[in-house]
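Worksheet for the structure shown next.
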Amino acid sequence: MAIQIDRGNIVAVTRGARKQRLLPGGAMLDGLAVIWTHWRESFRKNRDFSDIHGTFTEEYPDQQPKLPEAYRNMPILLYDDESGHELCTSCFQCQRICPPQVIHMTQAKDPTTGKPVPAVAEFIIEYDACMSCGFCAEVCPFDAIKMDHNFELSTADHPGLTTHKQALLRPISYYQQLAPSFWAAAEAGAMKKLEGSVKRRPDVIGLAPQLTEKIEARRRELAAQAAAAPPPAAAPAAAPGEARKLSPEEKAAKLAAIKAKNAAAKGQTAPPEAAPPATEGMSPAEAKAAKLAAIRAKNAAAKGETPPPPESAPPADDKAAKLAAIRAKNAAKKAAEDAAPTAEAETAPPADDKAAKLAAIRAKNAAKKAAEGAAPAAEAETAPPADDKAARLAAIRAKNAAKKASEDE
Amino acid sequence: MYDMLYNLINVVFGFNWPTWLISLIGHAAVAAILFAVAPFQMLFLTYYERRAIARMQDRVGPNRVGPEGIFQPIADGVKMFTKEDIVPKAADRWVHLIAPCVVVAPTMFMFAVVPWGPGMVPVDLNVGLLFFFAISSISAVGLMMAGWASNNKFALLGAMRSVAQMVSYEIPAILSLLAIVMITGTLSIVSIIDAQAGLFINSVDLPGVPDWGLGWFIFTPVGFLAFFCFFIAALAEGERTPFDIPEADSEIVAGYMTEYSGMKFGLFYLAQYVLNFLLCGMTAIIFFGGWQGPGVNWLYSQAISPANPEGMWLFNVLAGVLGVFYFLAKTYFFFFVMIWIRGAYPRLRVDQLMDFGWKFLIPLTLVNMLSAAIWVGLTRWGAAEGLAFIEGWSAGVRWGVAFALTLIINLATYIMMARIYAASQAARSRLELEELRDLAAMSR
Amino acid sequence: MTQAIPLEAVLVVAATLFCIGLFGALARRSMVGVLIGVELMLNAVNINLVAFWRYLEPGFTGGLTFVIFIITVAAAEAAVGLALIIAVYRTWLTSNVDNVDSMKG
Amino acid sequence: MNILIQVIFGLLSALIVGAAMMAVTVRNIIHAALWLIACFFGVGALYLLLEAEFIAVVQVLIYVGAVSILILFAIMLTRQIEGARHLVTGWRLWVTIAICVALFATVLVPTLLSHNWNVPPPVIAEGSDLPAEPLAGAAELGRDFVFVYLLHFQVTGVLLTMALIGAIVIAFEERARRRRVLTLAEEHALREQKKNRGTEEQENR
């Protein structure tokens, strides 16, 4: 007889009449017999789930479990195998619905127009706080986010569980293999939507990084073939060569921006382009130039709080140029910090000379490296003819500024 | 044993040590062997239990450490040794420290009277059986200390439950053994085993039966009922599953072990498994002949023994090996039965446990003692004791009459008691149900 | 045993135990403490009886029988005494002997 | 052999006396009970040394296994584990000490030591230096209980029964006085009742 309590209502459930046995306690023996059967049968492996006997255990590391199609562990992003286009259009549906709020994304923008593009720039899921509810996959209108079957995520690196787009992306074929019937149901709609959004994506935006890299590598190859001639001479950099690793195009842009700023700031000495080759013979003049450069950098930094005129003036049609402007500001600031000790060292004559020389060499190296790096990067960035568009632009601007300054004088 | 040691040291080596020193060395050696055997049993039994219960639950059990997981208990031991030993801040430090020792020490003591094979008993106490149970009751004190010193309500609750359970179930255990003691007329464990020679009928009741070492008490109605009661009581004393109320992990974390960690916890575990081993061993010894089995007695009759000093030492070894094999086989079989029961039955409630012990087992054992008295009267007594009418009966007829009579008494009592008990439990649950109904009606 | 240790030594141990038990029974304020003292005294007596049996009449069971009786009485006394303690505690909410004085004139 | 026995006897006496001292003096009553158990155990070992095996086992079974457990239970039920004053104080304490010391030093010990106990010399078996005395064991004890001391035995049984009944009667608590632990349904019912009463009162207002 079982007693069930349901909000104060007592429901007594009586089972069928008990079998009367000759010996009391026979039912206990029946129970033992059931367990005995299980024990005996456990020495063979259970074949399927309709069989209630046998060992059910899967010996996990040796034997991978067969996961059902609907199994879900952590969300992943999909991209098209062939074109490399991500299915995600950054509609923010998943970010909105995520109960533990572990999904973060930024929308990609067209670099030329600055308008949002149906693609995602960065996509982050904090796997450590994700609760595998699968809402994101449910809500995604583009079938871009799906639940993975991989559960072997244990790691000692906790921050490493904050997963970025690069690590989240999987080709569609991967998901198709996990859940063939689910993908078959979603495929047509998803691909159609993808086509629609691809039309509105300029250049490499919305491409899976894996493919972006491939494309860039190809472009670099092309550029190396094309640019047999030495790249346009780079100006001596005001800032000492940074240890920070920057991508080549970043460096080029920075350099250009610094050049421009310098030109704008001083406006009396010769345009910086002329200086570098001459500095080879370590003359006192050269040291002086280096020192000057440091001081100028400081000044530029001081001024750097307000947007420098050459950067703000022209319409930033190029994304790289805009970026360069911001970076230039930062670089100038940093340069000023770096330059400060050098400037102080001026008072001590012997040391000052040495330091200045060092700075000059460093600047030269940095400039060289930048020049080398700038060529392919700039090529890759935009169309081949405009090989160093940003750098050239900046150089021109700097020249103009210098001219203007000399005229003023 | 001590003569051999004496000869070895003083005659062979010529050290001329005093007798007390040799005696001390002999005792120390035996104790050392037992202390080495006990943890080994525990290691084996934990592995055995985990594998067997896993099979019953359609699993595989530990199989990663070593071939088929046989080093799992060693790995567990290493883990326990290296774990931090935590003492609760509000605990009674000293009592908390001593409690595991008080629980372990008696179980080691109990090994002193357990015979492993023919002539292989550390001490043949003439009150061995009583000694065994007297010592086992000490561990209740240790459990109480553990529960109280932890300063934790779960621990205290578990300790109270376990002590109440141990004290209640000691009575049916000893009473059921008393039936056997009445039949054998001795409290010495060695004599009880010796009385179980024979073939299905022991040679004490029926002189002249062929001696295959199978005259176990389980083949008599008195012995069977005593076994039934004793084994249930042993389950309760060893806190095995249908009676594992003291450490019911779904109710009171781990009972008295809640606040223990590291090796202190390991000691409780050790004590529990060693106690279970000993209880299974005692079941095997008293009802299943211990080391008795086909061949052992014959081998031992050829060996060097107090009765036969001219024997061959080889037969000592053979008899010892065979005897220990029989004993351990029986013991491990009973441990398997314990696991089997663990796999089959759910845990009892506290009041059900007390009801079962006091209202079912104790009356049953008392009736069994009456049967034992009848058995002894019919098989041994004669005109001198006032039973002149059975004077002329042959041993076989006496045995047959005793068997039939005790079987009827025991069976009838069992059926009657079980019916009454079931009816009382049903009435009780009906009462509870009515009470609940009233309350529900009141609330509406 | 009988050769190694004189009877007097065992008796002195028993006497010491008796005196300690007496002190406990007289000086303890809690009822359980008093009971503990009484148990110690009973044990001292038991030691005496066993010693006399062993040294003087080892072949007869008189001494042992008395010990068994005393143990029985002690068990009965402990059971009743503890029941009393619990009853007293329930009524007066104390288990101190001095506080139970409602019969005092 | 004698040395070993003397050493063991010395250790046991120290255990018995020391544990007894602790049992009567420690403040915490649970510790006192545990010391009492140690003392009982020492006494049991002393019985073993005196070759009274059955008594030793009974001592352990009854005192250690039952009486001390009973005491521990009683302590935990009365919940007075540590009092501020565990011993009597002032002149009463000194008088008590004086009585005990006087009893020990002036009555017991001198009497024990001066009395001639007439211990018979141990019977030495031939060909051995160990005494071979006919020791009464459990079997003799059992026989004597039935043949010689039957009446005493029965009286002891009656005493035990009466003690059992008496203990139950004294410690019995009437069901009505006991605070009941409510079942889930009862709790629910009570809560419902309270709620109903509350709403009625509100309606009345």
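Should a chain be cited, it is by its letter among A, B, C and D, assigned in written order, with residues numbered from 1 in that chain.
Please note the rule applied: contacts are C-beta pairs under 8 Å (C-beta built on N, C-alpha and C of every residue); 3 or more make two chains touch, one makes a residue touch a chain.
Which chain is which protein? Per UniProt: A = 4Fe-4S ferredoxin; B = NADH-quinone oxidoreductase subunit H; C = NADH-quinone oxidoreductase subunit K; D = NADH-quinone oxidoreductase subunit J.
Everything numeric in this text was worked out from a predicted model, so none of it was measured.
Undergrad: So, comparing C-alpha centroids, which chain is the farthest one from subunit B?
TA: That would be chain A.
Undergrad: If you tally contacting C-beta pairs, which pair wins, B-D or A-B?
TA: B-D
Undergrad: At what distance in angstrom does the C-alpha mean of subunit C lie from that of subunit A (4Fe-4S ferredoxin)?
TA: Here subunit A (4Fe-4S ferredoxin) and subunit C have centroids separated by 85 Å.
Undergrad: As a quick test, compute the distance in whole Å between the mean CA positions of subunit B and subunit D.
TA: Here subunit B and subunit D have centroids separated by 26 Å.
Undergrad: On a C-alpha centroid basis, what's the spacing between subunit A (4Fe-4S ferredoxin) and subunit B, in Å?
TA: Here the centre of subunit B sits 69 Å away from the centre of subunit A (4Fe-4S ferredoxin).
Undergrad: Can you compute the centre-to-centre distance for subunit C and subunit D, using the mean CA position of each chain? Integer Å is fine.
TA: 8
Undergrad: Spell out, as numbers or ranges, the residues of subunit A (4Fe-4S ferredoxin) touching 2 or more other chains.
TA: Within subunit A (4Fe-4S ferredoxin), residues 5, 8, 10 contact more than one other chain.
Undergrad: Tell me, which residues of subunit C touch at least two other chains?
TA: none
Undergrad: Touching at least two other chains at once: which residues of subunit B meet that condition?
TA: Those would be 436, 440, 443-444.
Undergrad: Can you list the subunit B residues touching subunit A (4Fe-4S ferredoxin) in their complex?
TA: 52, 55-60, 63, 340-341, 343-345, 414-415, 418-419, 422, 429, 433, 436-437, 440, 443-444
Undergrad: Of all residues in subunit D, which touch subunit C in the complex?
TA: Touching subunit C: residues 1-2, 5-6, 9, 13, 16-17, 20-21, 23-24, 29, 32-33, 36, 39-40, 43, 46-47, 49-52, 54-55, 58-59, 62-63, 66-67, 70-71, 73-75, 77-78, 80, 83, 85-88, 92-93, 96-97, 99-101, 103-104, 108-109, 112-113, 117-120, 122, 131, 133-136, 140-141, 144-145, 148-149, 152, 156, 159-160, 162-164, 166-168, 170-171, 173 of subunit D.
Undergrad: Under the definition above, what is the set of subunit B residues touching subunit D in their complex?
TA: 18-20, 23-24, 92, 95, 125-127, 130-131, 133-135, 137-138, 140-141, 144-145, 148, 156, 160, 163, 167, 170, 185-187, 436, 439-440, 442-444
Undergrad: Report the residues of subunit A (4Fe-4S ferredoxin) in contact with subunit B in the complex, numbered from low to high.
TA: Of all residues in subunit A (4Fe-4S ferredoxin), those touching subunit B are 1, 3, 5, 8-10, 12, 23-25, 28, 31-32, 34-36, 38-39, 42-43, 46, 53-57, 59.
Undergrad: What part of subunit C is in contact with subunit D in the complex they form?
TA: That would be residues 1-13, 15-24, 26-30, 32-33, 35-37, 39-40, 43, 46-47, 50-51, 53-56, 58-61, 64-65, 67-69, 71-80, 82-87, 89-90, 94-96, 98 of subunit C.
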